[in-house]
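Next come two complexes built around chain A: one with chain B, the other with chain C.
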Partner chain A sequence: MNYSIKDKITPNQFLFFILQTQLGVGILSLAHQIHKDAKGGAWISVIMGGVISQVMIVIFWAFLKKNPASNFLQAMEKLVGKITAKGIVIGYSCFFALVTVLELSEYVRIITKWVFPETPVWINILIVAIAAVYLAKESLGTISRMYVFVSFLIIPLVIFTSLGFKNVHFTYPMPFLENGWLAILKGANMSFFYFLGYEAMLFTYFAVEGSDKDKLKAASMGNFFVTIVYAFTTYVCLISFAPDELPLVPEPVLYVLKSYSLHVIERIDLIFLSIWLVSVITSICSFVYLTSIGVAQLCKAKNHKKFVYWIAAVCCVCTTFTLTPHRGEILDEFIKIISYPFVFGIPILLFIISLFRGRKR
Partner chain B sequence: MEKIRKRKARIPHSQKSLSSSPEAKDVFPSVKENIDYIREQLVHSDDILERDIYFDDRHGKLIFIETLTDKYLIIESILKPLEQAKVGAVEHAITSSDFEIGKSLDKAVNWIISGKCLLFLEGIPEVYVCEASLSIKRGVKEPDNEGIVRGAHDGFIEHLITNIHIIRNRLENPNLVVRYFTLGRKSDTKIALVYMKGLAKEELVEEISRRLNLIPTDFILAPGFIGEYIEDDSYSPFPQLLYTERPDRTIAYLMEGRFAIFSEANPTAIIAPVTLFSFYQSPDDYHSRWMFGSLIRSIRFASFLIAFILPGLYISIVTFHPEVLPIELIYSVKSSIERVPYPSLIEAFFMELTLELIREAGIRLPTRVSQTIGIVGGLVIGDSVVQTGLVSLPMIIVVALTAISAFVVPSHEMSSTVRLLRFPLMIAASMFGFIGMTTGLFLIFTHLAKLETFGNPYFSPVMPFKLKGFKDTFIRFPLWHLNKSTKDSTPDQRNSEKAILGEGRK
Partner chain C sequence: MNSLTIKRALSVCFCILSLFILPGCWDQDLLKTADLVYITAFDQTPEGRLKVTIGIHDIPAGQGDKPICQTYTAEGASTRSLRNALDRQTSGKFRTYKTRVFLFGNKEAEKDMYPLLDSIYRDPKAALDARMAVVEGDAGELVNLKELKGTLIGRFFEELLLGGEKTTVIPRTTVQSVCSAMLDAGHDFGLPYITSKDGAISISGIAMFHNHSYTNTYLSVEEATLFLILKNKLEDKGSLFREVSVEDKKVSLMFDIRDENRKFDVDVTKNGEVKVDLQVKIKIAITELQAELGSDYATMRKLEKALSEDLTQMSKQVISKMQKSGFDGLGIGRQLIAHHFSYWKKVEKDWDDLYKTVQIEPRIEVETIHRGIID
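Now for the complex of A and B:
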């Protein structure tokens, strides 16, 4: 499929597309997960994760730029030939679909624990899926408009988190390098998965109007914002909980919020969860959209609309199979392993190929 | 302009089926034959009058419909001049403002029912059509439904020419264009499309003309008829065309490059393309000082949110998350709710229904009786419903606040939309609490994001986000500021009173 006029977005909209795709389920459990390895230096790990993402964004950009193609499939065909290009697009579509399933199952786990313990799982899934599909079937222009709008919700999100400074001990996470740099690198390796979402660049890059430089700037800014928000929340969690407490609380952000109250609103965590839900919907919407775009490009369909329903349905059904803790872990591990080739391996390979191709010309 | 969604081509309306004879009839040389034919076509209606005339040594007849024509005008512009001239050409003698010579009898029938006066002369196969229509109109009084405190107090009336006269009179500009359309298969309704050349986008005018020409209806009863045929998305709860009876409002929109549609016998102008924020603007904002204008604006937007979020918010709090409230408030709310056996959704629906009933009953009753409704509805029901334990007190507060907020909107259509939208949100809230509310709001805003009218985003400048556009949405900047900002961003010759940017143009 080719991008129509309605699919064209400005670099600013592109920024928020990347931002909303990256900012997803993870923010609640980020501090807990990273703290496992990196201990007090978790926030350094998060920043390193952001830096790694930034490097990858530059690599993505390096082989996407100056390509006269109108979509990702065409760009790849020019780079590596028809059959391999199709393979790459199929691979990425499957990868995005898997990430959708992972996000959904993570969402269901948290929502069941915090809000609806008794509600059937499929209803919890439907709540998010309906909203995500309703947006994902629209043009990229509409999706980006909506993303810019809901990005204002990040402001209360950050404000609520910073209220946590009321009752903190700055000494909790110190010394930052408790377990040495190796542990921090391990944490960075872990935090890197929370930054997934900038791969959206691959499929949306050609819909952005503007120079290559603007596009890189936009994507980098998006990633930068996410890094700041993640590092900030992680740091607030680190100074709010003693090092021994943190491994016991899987969603530290919510516990931080639960512990204090404004005089007007008592339970800020519930408000926070509602805002968090919007971030979940937007990232699931992004991944469903990206998958359907990939499929539409493969099928040479006119638009992605009809694929959205099927892809979302398949993802929802798959999610219901992943909800036991054991299976959830397997899925988590699996996606971690396959993200290496999809986020590092293939792009770097493509980058090297594009270097050689460029020289030949 | 590819952005404008091409609507499915509808069948263009066919020729009017008034005349029963299949072939076109030309005017006969004989006066009697002509008169008989016309009388036949008009089913020998009793209000057709004829008068004998002698001119140029010929016998002639003047025929007109008594109830449509001005007798004084006939005497002054037709009978007297003919009497004085005696001989010569008819077109030289008659002093009527609009004069035509026709050959077709079928057309003559159309003319006579539009209030013209027909003159036949013996031996001449031509019909002379003179303007003599009678127009009865009321004064240009301020519309009751759109009152303002300061500013012009006139309004449109049920007469197309007068309405356009008001516009032309206020807007002395050679670029003001009026285009007439005739709609309806069974009855002609004259429609006027008014726009400013150079300000309104050419493609927009083309598109609206195309849509108007495709309207396949038999007759136009209300501007809502036109609206429903030309709007982009009929399945949206949001009004995409603005109806107003105020000339000053209409002119302000014309100067922003939008167009207005007037129809005969209706005091309502249809304005398009509009954004959601147009519905929240009132001329009053510009008559008061800008700070106060901004305050009123923001209160109106707060009312928008209160009107459709508050009932849902309340339901989700008392049903799912009472712990969100401070502890003292929980006690008083809970003690009031405990007396009510129903879930809060039923309570809310009951109260909203009562409210809509009172409102609907109040509209059509004369003022003296509607006061009774107010007392019965407001005092008796409001008080006793709590006493009986059907509805809790906080719910009454919530519903009353919502009702007032919904009526703050200056536009009746938008007020209905807001009242309608809170019901799905209430249901979502009663099922899933905050999570349901979030999803519901997400769906509504997604709908707003994708909604476009005539190629313009409906929720601009919020979606797509344009910081400059905010100067005249939630708050109103001083006017000189608005003008400056508009000029900055628009190189073409557009000097607008307000600064909603990007409207009517790419």
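Now for the complex of A and C:
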């Protein structure tokens, strides 16, 4: 018996699933990271990163559309044979698990630094992991409904960020092309990692109702929205910090908010963090869920539920090993490198193969 | 049935367990044990060491509800080490997240300020929106006053500075905005300059900084307001007192600046010189006019014209004063970076000298919109 996602989700739910998977830990450090290469043009890089993701979404879509099946493994088997297909699904499951670890370790690093310096690390991990598991063990429909519900939290996230406009210098990021287009492209290459999450399409596409066109529209809208939010936050950071100051501030969004206080709320950054936490949980939940359905497909299990616990436990344990800054960097680098084959290489290759197969028929 | 009870018991256990996890016991920081530092003063001792004076606001038990201010002083090498020294002196836990004001003695401000502030920038709990000011003489002495006319010293300085900001006497500078200015080559910041004479503490203008340190020159209160007008930083209101001559008569008038409109162009000429064109149109409301002048349109126009010329002249003085001390408060360098980047790359190294020779052409135009309820 093959694993297949039981309850179908609507294209609208699919939109929010992609959006919440993409929107994760990265938003806090995005501006700092991209600014390293692209300087004042970082916001251009972010928009370019969004465009690259959009192109990839179209390629994913074209490939998935051509290979209708009940799940990813089945689609692969038809295309490249049983053994390779299994290899690919194992690969993707591992990849998703690694992303889970990365997100968890980034989250712990930030929360320890900013709010809970004394609290034991494992508590911080558990708080998020328990919430994520609680959601991830449910069906895709339940998860998506939850995502639609918590998506309204993005509004205060954006409103708080716009508070940064209280004291800005529009000339700080100028000239945008300080280091030329090559630097912008380098930044775009970097920002592309912050958009990861749309590869969830590969596993969940089969569970979406509606025409192929609707599905593409939904995924694109999710990605478009994330691009806007990212570009906006990046721009606010760029105009709030002097060009030589931004390299010193790893979480510029929080730092901007910390420097203002409203009449009632003194530390806006803490409110921001608690809302951001929801985005982190949804992201982690998505990746745990994706990993577990990957494994469920391999094991031909009926339900992904029991895998969720084990995967989450393994991820949490792995996270505790990545918490020194040096190891964190290694993991970060490693995932950056392997995401090229998983997000670019394999899908494009499969797409080309499916093109040829299609012609033969 | 049986499994249901087990399930229920488990979930109750889970809830109780969560109670231990969720309240965040490790990082609790009770307000009642915290000594809240409201004001910190940095000075240089005659031997060249750093001296820190802090003012802690406290409500002592059993003496009514009147808060009092306690001050502590320590000397040492760096702010962090001093912090530990101060922590040993205070009874509770020494907490800086409520700090409202940082004062700097002018001697200390002349040195590099960044190392003093570094620990504040690093601390996730530090108050980044605290105000800063330079004090003529010893800043610690002012903190040691503890109380001024019934107001605790920390609150007094906070209100003094916030009031000065509202009336466009001093710029709105926080610890965070100073950091940006220090780390940017293109513009400098100014801090409120505070003097005390016979126990009366007042804002006396803007202390001009260059890069990380005080240039030991300051703009007077009138100059400061005009500088802020030139910078397009008019707050709620700003008032000036001027004496001009109209039709060979001396006219002294006091006016509020209600609105301003600025055109700020930084250009590089063909022979590689920087030319700054600065045109400001202000709308004023006359609050006091001591002269026997006609109130007809023509006379008023003449008054406006005379005032425009007078303010333009004064702006030139302010700007030359700024240039002499190397204080790029208008951010001309920033404009060059943003709009003439290749030129900036060429002159970056000599910018400090070049700034002093930049041609800045200010022009102020005055329009009266209001003259009070009498003519």
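Just so we're on the same page, the second predicted complex is superposed on the first by the 354 of 361 C-alpha atoms of A that agree within 3 Å, B and C clash if a C-alpha of one lies under 4 Å from a C-alpha of the other, contacts with A are read in each partner's own complex, and residues count from 1 in each chain.
As a working rule, contacts are C-beta pairs under 8 Å (C-beta built on N, C-alpha and C of every residue); 3 or more make two chains touch, one makes a residue touch a chain.
Small disclaimer: the values here were computed from a predicted structure and weren't measured.
Contacts of A:M146 after superposition on the shared chain: chain B is touched, whereas chain C is not.
In the superposed model, A:I228 makes contact with neither chain B nor chain C. Of the two partner chains placed around the shared chain by superposition, chain B is the only one that A:V264 touches, whereas chain C remains out of contact.
Judged by the touch definition given at the top, the superposed model places A:I127 against both chain B and chain C.
In the superposition on chain A, A:L323 contacts neither chain B nor chain C.
Of the two partner chains placed by the overlay, neither chain B nor chain C lies in contact with A:A301.
By the document's definition of touching, of the two partners only chain C reaches A:E118; chain B does not. Shared-chain residue A:L273: touches chain B; no touch with chain C. Legend: residue contacts after superposition of the two complexes on their common chain; A:V314 is shown touching neither chain B nor chain C. Common to the chain B-facing and chain C-facing surfaces of chain A are residues 115-116, 127.
The part of chain B that touches chain A in the complex is made up of residues 2-3, 321, 323-327, 432-439, 442-443, 445-446, 449-450, 457, 459, 462-465.
For chain C in complex with chain A, the touching residues are 21-22, 24, 26-27, 121, 124, 128-129, 172, 174-177, 179-181, 183-186, 331, 334-335, 337-339, 341. Against chain C, in their complex, chain A makes its touches with residues 113-120, 123, 126-127, 167, 169, 171-172, 174-175, 178, 240-245, 248, 255, 258-261. Chain A meets chain B in the complex at residues 5-6, 10, 12-13, 111, 115-116, 127-128, 130-131, 134-135, 138-139, 141-142, 144-146, 148-150, 263-267, 270-271, 273-275, 277-278, 281.
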